[in-house]
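The structure appears right after this line, and notes come after that.
Chain lettering (A, B, C and D) follows the sequence in which the chains are written, and residue indices restart at 1 in each chain.
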Amino acid sequence: MSERFFISETDLRGLTADLLDGGTEVIAPVATDICQSPSAVAATACTLDGSKVEIDYRQLTSADDLDLSRGLPQLSLKEFFLPEHEPLCRWRQKGTTVQVFEVPTEFAPRVVLAAKPCDAAALAVVDKVMNWDYEDELWNGRRAATTVINLACQVIDDSCFCTAVGAAPDDVKGADGLLTPVEGGYVYEPATDKGRALVEDFAARFSADVPADTIGGQADDERAAARARVADNLEIDADSVRDWIEANFEDPLLTHLAMRCNGCGACTGVCPTCHCFDIVDEQEGVGHGTRRRLWDTCQAPTFTLHASGHNPRDTQHVRYRQRINHKFSIYPLRFGEVLCTGCGRCTRVCHAGQDLVEILEAIDIAARRPRDAEPAEAAS
Amino acid sequence: MTGPAIAPAYAGVDELRRVARELLESGEVRVIIGWEDARRGARPVFITDPAEADKLIFDTRCVHNLVTYLDPRRDHVSELGRIGLVVKGCDAKAVAGLLRESQLSRDHVVLIGMRCGGVLEEGELPEPLALTPENVAPRCYGCDNREPTLTDHLLGEPQPEPPRPVMTIDERVAALDDLPLEERWAFWTEQFSKCVRCYACRQVCPLCICERCIVEKTQPLWIESAAHPRGNFSWNLTRAIHLAGRCVDCGECERFCPVGIPLSLLNRKLQQIVHDRYGYTASDDPENAAPIGDYRLDDQQEFIK
Amino acid sequence: MSRIGVFVCHCGENIGRTVDCAAVAEALKDHPGVAHSEDYKYMCSDPGQALVKKAIEEHNLTGVVVAACSPHMHEKTFRRACDQAGLNKFMCEMANIREHCSWIHEDREDATAKAIDIGRTIIEKVKHNRPLEVIKIPVTKRAMVIGGGIAGIQAALDIADGGHEVVLVEKEASIGGHMSQLSETFPTLDCSQCILTPRMVEAYQHPNIKLHTWSEIEKVDGYIGNFEVTVRKKARSVDLDLCNGCGDCWAVCPSKRIPSEFDAGLSNRTAIYVPFPQAVPNQPVLDRENCTLFKGRAKGLKKDACGKCKDACLKNAIDYDTEDEFVVEEVGAIVVATGYKLYDVGREQPEGLKGYGEYGYGEDPDIIDGLQFERIASASGPTGGEILRPSDGKEPKTVVFVHCVGSRDIDKGMAYCSKICCMYNAKHAMLYKHKVHDGRAVAFYMDIRANGKGYDEFSRRAIEEDHAEYVRGRVSRIFRDGDKLKVWGFDTLNDEQVIIDADMVVLATAIRPNDGVKELAQKLSCSVDVDGFINEAHPKLRPVETNTAGVFLAGACQAPRDIPDAVAMASATGAKVLSLFSTDELEREPAVAVVDERTCIGCMRCALVCPYGAIEQREICTVDGQVCGHTAYVNPGVCQGCGTCQAVCLSNSIDLQTFTDEQVYSEINALCMWE
Amino acid sequence: MNSQHSDTFEPRITAFVCNWCTYTGADLAGTSRLHMASNVRIIRLPCTGRIDPLFIVKAFERGADGVIVSGCHPADCHYTSGNYHARRRFAVFHDIMQFLGVDPRRMTFSWVSASEGAKWKDVVNETVANIRELGPYEAYRALAPDAVEPWPEAVDGLTPAGDQEPAAKEVAS
């Protein structure tokens, strides 16, 4: 990656304003102090004079809202490519004639600024299943229309483990460019033509004059330090984990991992790579309605409930095993990479204490153990 | 800035570990469900080996209502055998709810009740903190059941009242009640619009025990499952009214909500309604019949023409 | 895919005048799922029904919507037509565009638009109707009659003569009711007791009639064909099997000054007593409230204060320690014949009524009501049939009769007409004149309502032959002035004030439902009207039925009735009951709740709210017979189809057939058409 | 619906009534020729006990501006106690809806017996007048996904199902 540009803090905000002025949608992390909203009084998480910041990817209305200093947003970027719900088609009926309206699959260009590398990487991972036996026009249409610019990660906690699953806090996988914070601004490294086009279109905002002592020096050290900090949390051999799970599907370890799981499915909602959806026909009245797809979760019993009443995954520990199995064995066996980018949201969001770091560690230990040794103990 | 002090474990932990060990050793129960201290703080633990009874803790971080694991549809728990369950007073009310609704036979479970002095809002902390108005779970204030009566073993020592939170749930409800109608509507529709329909609120609720939740009934589709405002309004409203007169105020729904919808305000409002109209308060007495499903000839009907 | 046929009825002009029926039929043609739509002048006529049948065959219809009158009117008619054409009758529904549309709106455009909406709603419902089979339930061929007045006796006799056992329940100590108190009856002036007592005896001796006197209804369980009625047999203190009615007990009773109910308070009785000499059964009852012994016991006296009747009884039939006894009677049908009471028009009024304090009733002994006059005129009454006024036993020379005291008076009484007073006032005037030839009978009336057979002739006779003076007008005040009662009234025909110096005044007080009828109606799941009379199922077409299947009405419990009406109704209920008993199995609409065992978790909230106890807990087993849980189960024979269970089921795992979730949902959907 | 009065607001009101009292009372209003506003559409149910709050919610979802729920007076229930259970359910629903910001005037609860045709007329007319004053229930309708995903322009004719592709494309553009 030879091309490097410098963009000052001011110019980055200016670039954002330029995009917005030009009518381009910009999505970026926005911090909201929910305790400052008029309804804060009643929002239980707040005290009257308190402060509680929620960070989300939002469609910007102003360049001022851009906040690059924060950690991981609550929800991943997924919802901008696979919305929680979206219409697939709508129908009307009169007598015996039916009219179907399909939704457009072409989208206006937009830019994601300061994407977390784990979230962008997830897009690339999910691209594979979205173009496997069926090409998902809506997903692909949004992917094609979107330029994703990563921001090298600075805020890392004990649930981050991207390096254990082949990603990194300064990865550009799934993204079109990377911003690295340096003194007074950012170093921008385009990774794709879309990423380069940004420099071409807004050349005045960028400078090819990258301060020598920043990149290659201080910034590179920080990037390496960040990687090391994540690696401290978890190191596994993803390939042997994959093979062990495939070979030991019935091992009690896999089911006993899930004892405390409530099956709430919050982990799949916040996961950047969980992409399963359901399709429902929403009747809106007589003879008209909308076919809509919406997020589904493998943690719900109804996910696999057959019309006959039979449910192949009828208990929670079997459903939890499926989640692990799908992410770390089925998907890599079919598509060559794990369905996880190590963002750690599933762990943070789980108030029952299901901890993927701990679970992967336990499987890794089991996978490293000689075949003839005793079966592994449950992680609890 | 100094944060709240670290608080010692509540009295009775040693007793708890001893009772748990004895119950497991004697075979009276096959599993003890309690709390442990893990990488990210307190969390539920399932202990089957008497030697591991010392893992059990009981301090201000033990927020979880473990009664949710008694749901008869959790096969992987029930297949372990007879359960010994550690309960706080609020949790014991949920056990009473399950007994009331024929979802549990009393002899299937050994209840180890703990005298409680309140818990934190969140249990994911490396150390138990002393309760302060800022960190205490708001529902603990004014708790009427800090010593459960529906128990087989009652452990620990009487604890002082937890501190009054900066703002109690009742005060928050009152603040909302004082708003003009349109503002309440704006508040709730905004809150509900955050909902991603993960149903975490339902899954962790010890009393949301339906085999097939109404929201999963597709013919007819009473509640749209898509997370648009219309579907979200119906869902959150229905979840709440299905718990009218059943909710035990354990707050798990709100704690598990990944997008922070203040569900306990709705729940508390419903508690107030059933209390004001029917004089009912959830208790851990299974004989205390719930108000919905019952009636009095002279029930208030001022809203009926 | 549904193939619904829509049939829009003009009902002559009834619908057609305000609703453009052709436009409705046309608009509904394009409604999704409609295969055929037409309109016709009289859909319920034979040719109309033929259209429905023809269309079912021609268009292979899967459902039928008849847009016409209320389902309460013709649902049965059209369901039968569908059945005849081979379509399951529960696939037919009525869209009510008459009562709920054409009759209540004037604007033709509005009404037509609404009729189309109503049609759409029902089409949507029918699309989710399912073919159902009627439920067959066994019938207990045994009836209960509640109330032993003339209506109850007649109903009991008719059913018993039809060959079925009857349980007759009477709350007083004797059957006979108010008719036994009457002197003579209009319009024939035959002696009431002469025609009634043989009936009473017949009922008493009938092998098919079981009599419970001094008894009340405690509880009613079950449903048509299969009621279980708990009867409270109040403690009588007299063993009817031992007692021979000799009268030794009441002869020795020291409490002799208790107002006699039978004589309407004009004479006294003892504490142990037979209500009247012809009572059936002719055996005494001990009135514990007024008995010296029981009053003593109530005060806590250690030793009984009396015991004379027991000592006097040679048969040893008296037992002071008997208690209320409960008997459960299994019956298939119930006839309610609880009769009436008179409006007590005195100053003290319950229930928000105002009363007629200005008439001095209850304050002056010579101001009496109709039943008291009956007793005075009766040969078996306190005066032996001589007309003597209560205050001093003198023969009154001027008697004023006041009609409509409490009837037809929205302000102070009841809105309705009590129906019998015009006739009995005429009768009273005649009876008086027949006995006091030089007397003067003055009647204040509003209108003369004499519309039965021979009734007008009868009331004219009172005026023309017996010279009763009829003054059209109201009485404003009645008060004592020395030996006389001043009656101030107004003669509206002569437009002048009238003041009469009367010796006695008879007030024709309004007829009201008997005490306890409301509570009884609740036990029977029947409703009462604003005046407290029990509602019939339909005022014209089902006048003796109630909304509770298997419960029928005879006599004044339904509305003011005279004897011929009450007897006619009683015989009508007899016919209803006998026709119910003519089959071994009863067919019932399959509007019952059904549990989805796949999703029911057996929380039993449904059982908590079921008014009929139709829901029980049932164990469910795996294929190899192991119990793996429990669910709710609805007994279809007991379920009455209210659907309360469904609304409390959190997972909607119980569904009421004919009003299923899908049906209601679809009806709501019809609110929102995309056009 | 009510397109003939496009310039004035005509409330759409759904009534959930029990079969035995209010439905029959409404029949009586008809037989008594009591003229009333034409904005109410009745859905007949056996008993108020059968009425699930979801019915009301769904009616609002389908565009109702107001809802009437009516059944037998206390003690008059054909099924003895269905209305008592309904009364508790409605009370809780009424209160919580108000807490959520739903104007209670959008929901009329009443007891109308089979003999109260005149009362039914009053309930209908009063409710219509109230809702007319409140205006269309835009706040609830704004929850609809339609509000952010508008329908394509309405077209005059419809094409047969087999022919849908080109027509739909044309409309969608």
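Keep this in mind: a residue touches a chain if its C-beta (ideal position, glycine included) is under 8 Å from a C-beta of that chain, and two chains touch if they have at least 3 such contacts.
Since the model is a prediction, treat every value here as computed from it, not as a measurement.
Trainee: Any chance you could check whether B-D or A-B wins on number of contacting C-beta pairs?
Mentor: It is A-B, judged by the count of C-beta pairs in contact.
Trainee: Could you work out how far the Cα centre of chain C sits from that of chain D, in whole Å?
Mentor: The separation of the two C-alpha centroids amounts to 35 Å.
Trainee: Report, in whole Å, the distance between the mean C-alpha point of chain A and the mean C-alpha point of chain B.
Mentor: Spacing between the chain centres: roughly 31 Å.
Trainee: Taking each chain's centre as the mean position of its Cα atoms, how many Å separate chain A from chain C?
Mentor: 72
Trainee: Any chance you could list the residues of chain B touching two or more other chains?
Mentor: Chain B, residues with two or more chain partners: 176, 183, 186-187, 212, 214, 222, 226, 228, 292-294.
Trainee: Among the residues of chain D, pick out those that touch two or more other chains and give their numbers.
Mentor: Answer for chain D, listing residues that touch two or more other chains: 58, 62-63, 75, 81, 85, 89, 144-145.
Trainee: Could you say which residues in chain A touch two or more other chains, in rising order?
Mentor: Expected reply: 85, 92, 94, 96, 283-285, 292.
Trainee: Examine which chains touch each other and state the graph shape they make (line, ring, star, complete, other).
Mentor: Shape of the chain contacts: complete, all pairs touching.
Trainee: Across the complex, what residues on chain A touch chain C?
Mentor: 92-96, 283-288, 309
Trainee: Can you tell me which positions in chain D touch chain C when the two form their complex?
Mentor: It is residues 1-4, 12, 14, 20-21, 23-24, 26-27, 29-31, 33-36, 38, 41-47, 49-52, 55, 58-59, 62-64, 72, 75-82, 85-86, 89, 113-116, 121 of chain D that touch chain C.
Trainee: Contact residues on chain A for chain D in the complex?
Mentor: Spelled out, the residues of chain A in touch with chain D are 85, 87, 90, 92, 94, 96-104, 284-285, 290, 292.
Trainee: Give the list of chain D residues in touch with chain B in this complex.
Mentor: 53-54, 57-58, 61, 74-75, 81, 84-85, 87-104, 108-111, 123, 126, 139, 142-145
Trainee: Would you mind writing out the residues of chain C in touch with chain D in their complex?
Mentor: Per the stated touch rule, the residues are 70-72, 96, 98-101, 103-107, 109-111, 113-114, 117-118, 121, 518, 522, 525, 527-530, 535, 547-548, 591, 609, 611-612, 640-644, 646-648, 652, 656, 659, 664-665, 667-669, 671-673.
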